[in-house]
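Each of the two complexes below includes subunit A, the first together with subunit B, the second together with subunit C.
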Partner chain A sequence: MKRLGAWLCCALLVVITCGCAQPKKAVNEIELWHWMTDRQDALEALARKYEQETGIRVKLSLFAPSDSYIQKIIAAAQANVLPDIYGILDKKTIFASFIKAGLVADLTSAFEADGNAWGKRFFVKAVDNNRFAVGNMDGVKPGIYGVPLDVSTVQMIYNRNLLKKAGIATVPATFEEFLAAVKALKRVGIVPFVTGFGETWIVDCFASNYAFNIMGEAKVMATFRGEVPYTDPDWMAVFTVFQTLAKKGAFIEGIVTKGNKYAEQDFALERAAFSFDGSWGVNIYKSMNPVLDYGVAPLPALKAANPMRVWGGAGSSLVVNALSPNKDKAVAFLQWITDTPQQAYLSEQTNNLPSNREASVGISPILGDFAKAMEQSTHPRVWILNEDPIVVEAFDKGIQSIIIGEKTPAQVAVEVQKIKLRQMGKVKRP
Partner chain B sequence: MFSKAVPRHNQAISFDAFKNFLFVLPAVGIFSIFYIYPFFDLFNLSLHQWQGIGPKTFVGLQNFQELWGDKVWWSSMGHAGYITLIALTFQNALAFALAVACDREIRMKRFYTLIFFIPPVLSEVIVGILWNWILNAGTQNGQPIGLFNHLLVQVGLPNLVHNWLSDPASALTCIAVVHAWKGFGWGFIMLLAGLQTIDRQLYEVAKVDGAGSWTTFWNVTVPMMVPVIMVVVILTILGSMQVFVLILSLVNQGLVYHTEVPVTRILSSMSVTNQFGYACAQAVVFGIILVVVSFALKSLSNRMKQA
Partner chain C sequence: MFFNKHKIENFFKSALIHVFLMIVVVSCLFPIFWMVRSSLMSNATIFVDPSLIPQELHWSNYVVAWTKGNFAVYFLNSMIYTISVVMGIVVVSSLAAFAFSRLKFPGRDFLFYIFVAAMMIPLPGSFVPIFVLMNKLHLVNTRLGYILCMINVGLCLSILLLKTFFDKMPSDLEDSARMDGCNRIQIWWHVALPLAAPALAVIVIYNSLNVWNEYILATLLLSDNNLMPLQRGLMVFNGAYQVDYPVLMAGLTMTAVPIIAIYFLMQKHIVKGLSSGTIGGLYDPA
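Then we have the complex of A and B:
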C-alpha cells in the first residue's frame, strides 16, 4: 500500500511537471495567432507555399471571435507565451502598453532598409496605423511596430436599384440632399438606412466622421484635451445629426440593437437603400446576393468648410514578438506575405483591400471605390491622442438614447461633459 | 503489550490519514490552482488600477468606492434581479406545471419530456439568433420580417406590431422571457425527477381519506417537493443573475444601459474601457452578493425541511 502511495505521488509529480512545460517548437517553425476566420483558408494556402519555398513551417492558430482573441492575447502576454507573430486588435493605448512591456519588436529598420523598399509597398495610411510618431502621447519610442496585412475603409454604401425606384438620380453628397433622399425612399415604402448601431464602435465612427466635417480635426483633438466642452454648438450639431435622422425616419427599425452582421444581411437582401459599412462587407454582399448593384461614397457632408473624412487604414495588422527567438524568420515571412503576388492572392480569395498598393491594381471595381478613400482616411490609431474610453462609452450610449428618442442632444451633451470632467480629474494626461 | 499497541495504532492512523490526504491531494491542488489562487488574485487586482497589460497602480479601495456610486452598475443589478424574478415565477411555475402533468399517466409522456428539454440544450448564441429573428422589428415591402410581428398582422392585430428589442419598455422583458423559455427545461427535468420519487402510497392514502386532487397537491406533493424546489430556486437565481451570452446575442452591446446586467458591465469594464482593476472589483462584489444569497436560501431551505 505504501509502495502504491509512493507511485501515486511520483506519477502526480511527473504529470504536473510535464503539464507545466512549454511545448518545444521545431527549429524551422514560426507560430502565428490570428482572428480572421474569413482569411484562414487563404492564409493556410500561403503558409504551405511559404514552406515549399523556404522550408520554414508557419503554424497558424485561429482564435475567434475577435473579442475572444483580444482576451487570449492579453492572457498570453501576462503568461509570457505569445507566439512569434500576432495581432493587437485593441485600442492604440493597449498597443502602446504591449510595446512598453517589451512584447512588440520595433520594425522601423526593416521597413526603411534598402531605401525604404518594404515601406514603399504599402498605402501610407496603412503604415501610419502602426506608427508611433515623435512626441506621441503614449510615451512610446517613435517607430513602426506593425505590418498591415490588408486595409479597409468604412463608408456609406447605396443600392442603385432602390435609389432608382425612389426616383433618386444622384447619390446625395450633402446632408440636405440625403434628407430629401430619405423622404423620397419613404414615399415608396423603402427603408432608407441600415447599419449596426448595436455595436458602439460604429456609432463612434459615424459620429466622428461628422465631428471632423463640422468642426475639423483640430477642434476634435482640443475636445479630447479638455479645451472644448461637449456642450459646444459644434458637438451639439453632431448629436443633432442623429436626432434629425431618427425623427425623419431614416433608420431601420431596431437599429440601436442591430449588430453589423445583421445590418450587412439587411443591405445584401435589399431591405434598405443606404448602409454604413466597411470594405470587408463586399465579401458578405457577394456571398449573399451576387447580383446586388451597389456603390460606395463618403457620408453626406453637413458643412462644406471641412472635408468628410472616413475611417480607414490598416484593416488587419500583425506584429512580431520582441521576445521571440525567431524574430528574423517572422519578419522575413511578413515581408513575403506582403509582397505583391501574395497580396493579390489574399485579396482575390477574401475580397479584402490589399495593403500593398501594387496589388490593388487588379481588384474589383467596388473594392477600387473603397480604396479611393484611402488618401482622405483617418482613424483613431493615427490621431495624436484618443478620448478616454469611459467618455467614449458615455458618448456612444448617449447617441443611442437620442436615436430612440429618450434624450435630447442637449441632455446627452451635458451628461458626456460631466463624465469628461470627472475623468479629467482622475487621469493626468502627459 | 498495551503500551506498545498504542503507538502502533497511532502509526496506522497517521499512515491512513496520509494515504487519504494523498487521494484528495490532486483535487486540493486543482481547486487551489483554479479557484483559491484566482480568487485571491482577483481581489488583489481589484485594489489596483490596471489596463490588462503593463504596470499596475495600487489604489486601495478606490475601485470599490467608485463602484458604490456607479448608478449603471446598480441598475444592472436591478435588471438581473428582474430577469431572475421572471425566471423564478414564470419559468419555474411553467416547469412545475408541466412536470406535474408529465408525472401522470398521459400518452406520449416521453415525447413531451424530450421536447421540453430541447431549449436548455441549445446554445445561448443559437437561442439568441433564433429569437432575434422571431422578434425582428424590420419590414420588407411593407411586411414585417420578424415571425412574431408577422403573426400579429396575420391574426388582425397590426396595431400591436412593436419594436420589441429596441424599446426600453419591452427589451428587458423580452430578454427575461427568452431566458425563461430557454431555462424552464432544466427545472422541468429536476422537478419531474423529484415528483417521481414521491411514494405513490401517499397519494393512495390521501384518496382513501377523501382528499381531492387540489388538496392532495397542496398537502402531499408540495411538502414532499420542498427540497427539490429549493435546489431549483437556488440554481435559477445563480443562472439568471449571471445571464449574459443571451443578452449579447439578442441586443449586441445593449440598448443604451437598459439591458445591462452585472456580467455585461464586467465585460464592458474589461474590454471596452480597459479598467481591469475596476472589473475585478465588480466581480468581487457580484460574487459576494451571489454567495450571500445562496447561503441565505440554503439556510431557508434547511429551516423549511425542519418545519
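Then we have the complex of A and C:
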C-alpha cells in the first residue's frame, strides 16, 4: 500500500513539475498557426528578422498533417481561441462560414489603402482567390479576406531527355501532336504520362482545363447552372479525351489509384515523359533528382477557339482573426511578409512561387515558366459559380471508370446528368 | 518401415511448420529492416538503389533527424506522457474494473455499459467537445490536459479487460483476505492486482504503444512546440508536398527503439497474458 502511495505521489509530482498552467501571451507577441512543414524554417527566420526590426515577436505554431490542422482550426473556432493569424485549408464555402461567424477580418480597406499599395503587389489571381465578389453565392459581404503567401499553377511538365530519346523535337501544343508523341514514346518503351489521378481534384483539374478549352468558360458555368446538360457533345468530348488517352496507352499503369506524391516520384525518377503537376513539384524534383531536365507547358489544346486555361493562383493564404486584439499588428506583419524582399527570400528557400509579382523576377527559370501562366490562370475559387460537390464527385469518379475501361463516355455523361438533375431538384441555384 | 514412415512424416510436418514460421518472421522483421536500411540512404538513392545494404551509409540522417526534428525535447515529452498516462490508466481502470466486478451499487451495470459504449465513439468524433471542455477547464496547451484526455482514451478497453478478469476471480480469495483483516482497497491491492499481472502487462504495452504513437489529439490540444510528443518531430519530415524519406526513416527508427525495448522487457507477461486468454479471463486457480 505504501508503495502504491509512493507511485501515485511520483506520478503527481511528474505531472506538477511538468507544468500545468497555460502559457501567458506576451504583450508584443502575435500568434500564427500554419500547416506548411516545408516553409517552417523560412518562416521562422523571417519571424526572427521581424522581431529584430519591430520588436514584435511572431510565435509560429506548425500543425501537420493538414487534416489535423483543419480539425484544430475548427475546434479552436468553436472554443473561440483562434490565433491572431491562421489559414483556412478548406473549400470556399467553409471559408465563407468562418467569415459569417465573424472569425475572419475584412482586409479590403488595408489592401486598398494608399491607392491600393498593398493590393498592387500581388498577382491579380492570387488576390481573387481570397476575394468574395459582389453577389457571391455564399452570401458573404463583398471584400478581400485573405492574404496570399505564395501561389501555384498546375500544368503539364515534360522530361526533355525522354522526349529526345523518342525523337520528339517540339513539345506538343495540340492534342493531335500529343497523341503522336504518345505513339513515339511507346515505340521506344517509354511510359508517356503519369499523374495522380488517384486524387479526384487532379482529375477535376485536368478535365476542367479541357472543358474550358473545348466549350469556353461561359458554357461551363451554364452547365453548373443547369442550362447545359452533361450529355452535351462538348462534355462528351471532355470525357472522350480520357478514353482516347487510355486507349492509346498514354497512362502509366495504375494511374487511377496513384496519389500525386507517387506520381511526382515517378516523374522525378524519369519513369514517364509527361506529367500533370503543380509548381510545388519543383522542390520535389530538385531533392529527388537534381539533374532532371524538364520544362513546363499548358496541356495540349483540343480546340483552337478557346485558350487552354490552367488552374492557378490558389497557393497558401493566411487570414486575420477578426476577434483578435492584435488585429492591426497581424495585418502589419502580413504586409511586411508579402513585401518583395521577404517574398524573394521565401521563394528562394522553399522553391514556391511568390504571391508578390515583383519578387518573381529573380526566381529560377523553371519556376518562372510556371509563373508565366499566372495571369491566364483560373480556379474554382474565383469562378462565379461552383458545381454541386455530389455532381463533382460523380463526374470525377466517372472519369476514373472511363480510364480503366469500366464505362464509356456516354454512360458517364448520362449518370452525371442524372445526379445533376437530382441535386438541382434539392437546391435552388442562383 | 513404420518407424521410418513416421519419422519422415514428422520431418516434413516440422519442416512445413518451420517454413511457415520463417515466412512469418521474415514478414514481421523485413519492414523493420527496410526502415533501418532506408534510413541510411540519401534522397537521391532511396528510390533507385534496390540493394539491401546501401553502398554508401548516410549516418548523418540520424543527426539531422535528432537536431532538425528537435527530438531531444519531444523524446522527453513522450516519455512523460507515456509513463503518466499508462500509470493513470492502470490505477484508474483497475480500481474501476474491481468496483464494477466486486462491488454492488445502484446503476453498476448501466455505468459499465456506458464505459463500454464509449469505445464505439471514434476519436475524431469527439475532437470538438474535448477541445471545448479542455478550454473551459483552462487545460488546453497544458501537459495535464493532454495526459487526462489520453487516460480517458485508454480507460474503456482496459476496464473491459480487467473486469472480465476480476469476474473470474473466486470469491473465496476475497473472503479469505477479508478474514485476514483486509479492507476493499487492500483486497484490490494485495489480492486482485497481483493476480492480474498478465492482464496488466497487456494493458501496459497496448496503452504504451497507443500513447507513444499518438499525435492527432496532441495536435488538437497542444500549441506550444515544447509540449509536443515525438510524433510531432516526425511530421517535420513528412510535408504536405514533399517527404524527406531517409530522415523520416531515421526518425522512425529512433522512435521505434523504446517501444521495442518495452516489448522485450514485458515479453514474458504479454505472451502469458495472451496465451492464457486475457479477454476470456486470465485467472488460473492452479
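Here is the rule we use: the second predicted complex is superposed on the first by the 404 of 430 C-alpha atoms of A that agree within 3 Å, B and C clash if a C-alpha of one lies under 4 Å from a C-alpha of the other, contacts with A are read in each partner's own complex, and residues count from 1 in each chain.
Rule of thumb we're sticking to: a contact is a pair of C-beta atoms (placed from the backbone, for glycine too) under 8 Å apart; a residue touches a chain by one contact, two chains touch by 3 or more.
Remember, predicted model here, so these are calculated numbers, not experimental data.
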(request) Report for A:Ser364: first if it touches subunit B alone, second if subunit C alone, otherwise both or neither. (result) neither
(message) So in the superposed three-chain picture, is A:Val191 touching just subunit B, just subunit C, both, or none of them (first/second/both/neither)?
(response) first
(message) Contacts for A:Lys72 in the overlay, against subunit B (first) and subunit C (second): which applies, first, second, both or neither?
(response) second
(request) Quick one: classify A:Pro290 as touching subunit B (first), subunit C (second), both or neither. (result) second
(message) So in the superposed three-chain picture, is A:Phe63 touching just subunit B, just subunit C, both, or none of them (first/second/both/neither)?
(response) second
(message) Once chain A of both complexes is superposed, is A:Ser109 in touch with subunit B (first), subunit C (second), both, or neither?
(response) neither
(request) Once the structures are superposed on A, label A:Ser97 by its partner contacts, choosing first (subunit B), second (subunit C), both or neither. (result) first
(message) Contact-wise, after the overlay, does A:Met36 reach subunit B, subunit C, both or neither (first, second, both, neither)?
(response) second
(message) Let me test your reading of the model: by the given contact rule, A:Asn28 touches which partner, first (subunit B), second (subunit C), both or neither?
(response) neither
(message) I'd like to check the shared interface: which positions of subunit A are touched by both subunit B and subunit C across the two complexes?
(response) 1, 8, 71, 74, 78, 269
(request) Would you mind writing out the residues of subunit B in touch with subunit A in their complex? (result) 15, 18-19, 22, 25-26, 29, 51-54, 132, 136-142, 145, 163, 165-168, 171, 250-257, 259, 268, 270-275
(message) Which residues of subunit C touch subunit A once you look at their complex with the stated criterion?
(response) 43-44, 47-48, 80, 83-84, 87-88, 91, 124, 127-128, 130-132, 135, 138-145, 147, 185-186, 189, 215-216, 219-220, 223-225, 235-244
(message) Quick check: in the complex, which residue numbers of subunit A touch subunit B?
(response) 1-2, 5, 8-9, 12, 16, 67, 70-71, 74, 77-78, 90-91, 93-94, 97-98, 100-101, 103, 189, 191, 196, 198-200, 252-259, 262, 266, 269-271, 389-390, 393, 397, 400-401, 404, 406
(request) In the complex, go through subunit A and note every residue touching subunit C. (result) 1, 4, 7-8, 11, 14-15, 18-23, 31, 33, 35-38, 40, 61-66, 68-69, 71-72, 74-76, 78-79, 81, 83, 261, 265, 269, 280-281, 283-284, 287-290
